[in-house]
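In the two complexes below, chain A is the common chain; its partner is chain B in one and chain C in the other.
Let's look at the complex of A and B:
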């Protein structure tokens, strides 16, 4: 318990929090549903039913009702409301809001404590990955054999659309959500995030987006794939309205989260925590958040324009009305490519952190690592049209975009340099997190090299739109980012739960996943090389064997993920106790007690050196 | 001094692992693309396969270096004692090594870029042939149609003469489709409202595949057809035999 909290004990406990005492996730859902119904009824009564966009308007209005209702019902607007009527939160209110003395139930509430938010993000990420994973298994089951047997083409198209978007969202938050919230404030020596209430807002806004996305699957008509290319996204059924609204909601969530991370790092550092002494994961989180601030507004814009086209008959993306689908593609990929580095960078930062701790060595070439990540972020905003080489848009820009794309291999090489340099002559402690580091090194080479093939225009003219591309980005998303996310979970799990993530189950899960990834996606490369297009629900007999192998591999990955889930649940409940610093790390989050007290530090630490002093005694003695 | 010997030993072993992996990689790089990819039916496709081979061969030593260092570390530098390992050496940086690494990857990137630009310049769809021709391609949910300007002939399968440069003017009646001749290495999207172009010179008589590569709704997977490459004489015969659908 920190000293600043003492005086709260004297205040009357029953009043703290005020109205918020009655609000939680469940009231949020109820209010959300009620508001959705109200908005629906208002829409039915007031909107022009004969208009072409009526169904789209009604769907959108209903979805907006859900989001606003959920916000109201969970208490996201209570603080603002109070401020508006001239009442400010008391200190006791703030403490209530942070979840003080509330026990487990605080995880169901609009809670500002960054550690609670971190745990909530872990759960939300697992839900997203689980839902996306179920769809992945359905897709692979359909593709196990050449014809359409398991689902019909319409459902297949809906599945690939929602699978893609769920997984993109899951990976955007997989490392940054849990760990930029849980550990970054402690790493920089802060008592919480810069804006604790915004932190809760970002989480619960993300939660509000999930039913929209899953709802889009239920009301159907998703024929467009996750890239929502126009004009097919203009013709898709009403599911597309909720799909777009889900992404708009998500874009709000990530923007709020990104601002918060950046402000926390820039303004909340404790004395002596210079930028040079920041743990590398903090840099990674900050750079990724900054890149997200650039990227996600495009997401919001592209989906909004699409929605307005659908609802109101504008024609931003419709050639017949003077618009162009190429505008949609440009806006989408202006977001899309930076986004892959928003996804990658936090994972790389976490893996750097793990590598130093388990090699017992300083991070090799800290400044190069920071510079490399900054260069990745900087270049990533200049390469978007490599997704458009075959669209016919601006053929003369092919060369320049080939150049920028290939330049990315230089900072990508730096990532390898820093990891290998850190391993060099270390004393490598092969605990669970380290397995995922080696898995990452193996897979990211495959993903990176195949990316270079695709950046070459004649090759891309052959490969674009085929399973080769799908295999490429799954090597980076699953083989690299997901591996990084699981490594990060294994690494910080003891801090979050006070227990080790079960090593035995964890290693079984690693081997299943690692082998599954190779089987699935190597075979998928072959499908692509042989000429199988992507997003085909049915395919020629010549692709039969490689697809069957990919499906078997996918089941192996699923087995690995289920074992991991089992490990997480059993370890959370009854894993081996770890103590506050099981890995003997030197970053601040390991130097505070476990469980981490509210407000983290009794006395804020003063920093005199960076956390990578491994081996310095050897040098000095 | 012990450190120096350590390092020397490590470098020597890693070199040998690297050499073996590189050779394996180069062999795979040379043979796998030709074996796995469709047999080329145009000079464009030959260039694609050659590029995949060249890039694979160039990537092999790089990937092999990363893998050999990681493998050596995993086996030789693994801590086999109990509990937390003692600290390793305090190596914070090695400026010459970092410089070599960055310069090396830059040189390699420049090579790839030059190759790419050269390939782009060389590949203008192949030689002209005797009778270069244009064919209008229209995508429509979920079929392709091909019409031969100046002839009133139109067909759902594509027929082209061998060794003549064909320019495809591609468009769509509804949503975006992807026009791809698999064995010829050419692809361009069919967009509604605009015409995009792509050229290729088929260099082998035979039957090849056309597949749609942009998701276009329900029967996207069935938007496939064939291209028959015929000798000049056969092509003229086919054209003459077609009912004109003016």
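Let's look at the complex of A and C:
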């Protein structure tokens, strides 16, 4: 195979793009599989088969082979190789990479245009949510009545763990992936992201991580939930190896993406686009990217240490060897809590944009909103041990961590009030994106307030490890972040596709999802308050009714999601044409034509005003 | 948002000045280094945390058979005839530890020297320096491998299952070593790449900024080895 590829590459040397002309997603998958097999065989031959870590080593080596092969086959390493031999890309090569005149097939390639990457992220997010959603429905179906019916406890736990991680990844990228890529460069008046090739790298590295995560499920999964608590994570089967490798891969992807977003905002702004005039979504994306840059190295380290414990006999998390599970928990939550704000902030930023546009009012106290988000990010690195209140780690620090956790509700409240303040006496235009804003406002109160309950140590001693915690974070993840993500989709869909997202189907989907969330998770709070532990596939008869209700609610959410999927597909194909600026918005992304031309701006704009001058025409006239 | 168009840009075309691009790339590399600093801090945290906790007195000791220096037959004898006992592990040799630091620092200095040569206009004299820096980095890597091999692995019998294990100390040292090794390989790749690029004319006295980016990273790796050596010799 290699020889034919080299041969054709030779022929087309004169054409722009060179070797990359032959590479795409499919060659990536093929090379990935081939390399995985090669690495597997080499591993079988060279590794010590009698060693305790043999299976884990072999699994990891195979997974690494897949990632490297996929990178090679899609062309992620071509630029590196060319750099090494001193043959930089020409302008024509760059234009080829950006997908110039390539048509639809550019979506299957290592394309650097930020708008293509944005669309690819939409698709990848939907795949992740779909896979996680199927697992969620399996879980809820199992929990509909007491006793075991459909899956055995091992498989149930594997479903729980992989569901959790799929959804965490899906939500990390749900807003930042599609929209920090598609709209942020246009919003700041740039022609692309700061590092277009790194942009493609982050997307395709994420894609490479997905088969690892699903593969983990196929080889037995893992039993301790997405938090991979030691020492269970030390004893788990090889599913844990692929799981850890998936996260390491994902950490690389987000780090690259985060650096790119920050550099784009700080160095690519057009004339007059001062930091004070940045649209709020740009601020939110940048703060989240910075926080991710802090958080994800811990994720990489905790998973790597877990892996070498399993493969090479180190004792980081094994008490018998002098290690400790507390180390695992500390490293994990040093990542884990900041990460929830990495997830939340872009969604809030998008909801801010929607709110000002559809209230036809300037954003309420722009500076407070930016400061609130920055304070959230700053404080979020100081609260991690609220996930460890009941573990016995450093009891004397309980008080301080309780304090910081309760303090974080202040900037949270401030950001929330800025949304309410923008709505207040606004001239509200109830189009589809606005529905999701109101849904968020309701759900986030429930999610946030129950968070404050949990930060109270005496309460947490009762609630930790129960379905109450699960209900809390589903109110923030599903009720708030996913609502923000769907709102963002409805809002920017016309820019991406040139068409409206179907309002009628969209509203049906909203009501189903909104009602479904209340039914599912309010009932789940009750299960938790009555003491139902999380991560159990069967339960006592006393939890019967609330679980049944939760399952019914989950099916309602599923119906809502399917309607939304239908709306996306039909609208993308044949929705009502929207024109370039359907919401009469004033930020830059709406002032360029739709579809957005390859380099966004023929002539770079010069900014002379704040982004949110809505309503001032009326006042002035 | 009200906008005006600006003619200057139209005549400029879509090309940005090298200064603008360099500024952007510098910020990029600093951000990557920041991420690397966090990663490194997580390892430092791990080291100090394990030392501080000293679970079951196992920081540098372990209930096991000491296998160090034995062949398979001798090891089998040991397992069959002796009961496991608490083995104490010696810390890694301070001399070797600091030797690695010295070698990495030298390689960073070579790159810095090469950079100043290029900036003074003699690009070609970078070529040997880049190769040399890469080789020196790899030498440091070899020393690091020697150090990692010196960290003993024990054979423990625990709950009827037999395992090879490292002490907490050994584990943390291996983590530092492994991370450094990965960085040194990357540095060697970059050093060789820069030299190749210079000989091909892709790096010149006018286009030298990539060398500076690599130097930033190289110096940071050198600093990290110094920090590692200080911590691991002061706390062990």
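Going forward, the second predicted complex is superposed on the first by the 604 of 621 C-alpha atoms of A that agree within 3 Å, B and C clash if a C-alpha of one lies under 4 Å from a C-alpha of the other, contacts with A are read in each partner's own complex, and residues count from 1 in each chain.
In the analysis below, a residue touches a chain if its C-beta (ideal position, glycine included) is under 8 Å from a C-beta of that chain, and two chains touch if they have at least 3 such contacts.
In this text, all values refer to a predicted model and were calculated from it rather than measured experimentally.
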item: Clash or fit, chain B versus chain C on superposed chain A; value: fit
item: Contacts of A:250 with chain B and chain C, given as first, second, both or neither; value: neither
item: Touching partner for A:121 - first (chain B), second (chain C), both, neither; value: neither
item: Chain touching more of chain A, residue-wise (chain B, chain C); value: B
item: Which of chain B and chain C A:231 touches, first, second, both or neither; value: first
item: Which of chain B and chain C A:305 touches, first, second, both or neither; value: second
item: From chain A, separation angle of chain B and chain C (C-alpha centres, steps of 10 degrees); value: 100
item: First, second, both or neither for A:449, with chain B first and chain C second; value: first
item: Partner chain in contact with A:326 - chain B first, chain C second, else both or neither; value: both
item: Distance of closest approach, chain C and chain B, by C-alpha atoms in Å; value: 7
item: Set of chain A residues, in rising order, touched by both chain B and chain C; value: 319-320, 324, 326, 613
item: Chain C to chain A touching residues, read off their complex; value: 1-7, 9-10, 14, 20, 23-24, 27-28, 31-32, 34-36, 38-39, 42-43, 45-46, 49-50, 53-62, 153, 156, 158, 162-172, 174-175, 178, 189, 192-193, 196-197, 199-203
item: Contact footprint of chain A on chain B as seen in their complex; value: 3, 6-7, 10, 33, 36-38, 44-45, 47-48, 51-52, 55, 59, 62-63, 66-67, 69-70, 73-74, 77-79, 84-94, 97-98, 101-102, 105-106, 108-109, 112-113, 115-117, 119-120, 123, 170, 174-176, 178, 180, 182-183, 185-189, 191-194, 196-197, 209, 211-222, 224
item: Complex interface listing, chain A residues touching chain C; value: 51-52, 83-88, 191, 194-195, 255, 258-260, 262-263, 266-268, 271, 277, 293-294, 296-298, 300-302, 305, 308-309, 312-316, 318-324, 326-327, 330-331, 334, 586-588, 591, 599, 602-611, 613
item: Sites on chain A touched by chain B in the complex; value: 153-154, 157, 223-225, 229-232, 235, 319-320, 324-326, 359-362, 364-368, 390-392, 398-399, 402-403, 406-407, 409-410, 413-414, 416-417, 420-421, 423-430, 438, 441-442, 445, 449, 452-453, 455-459, 461-462, 464-466, 526, 529-531, 533-540, 583-584, 612-619
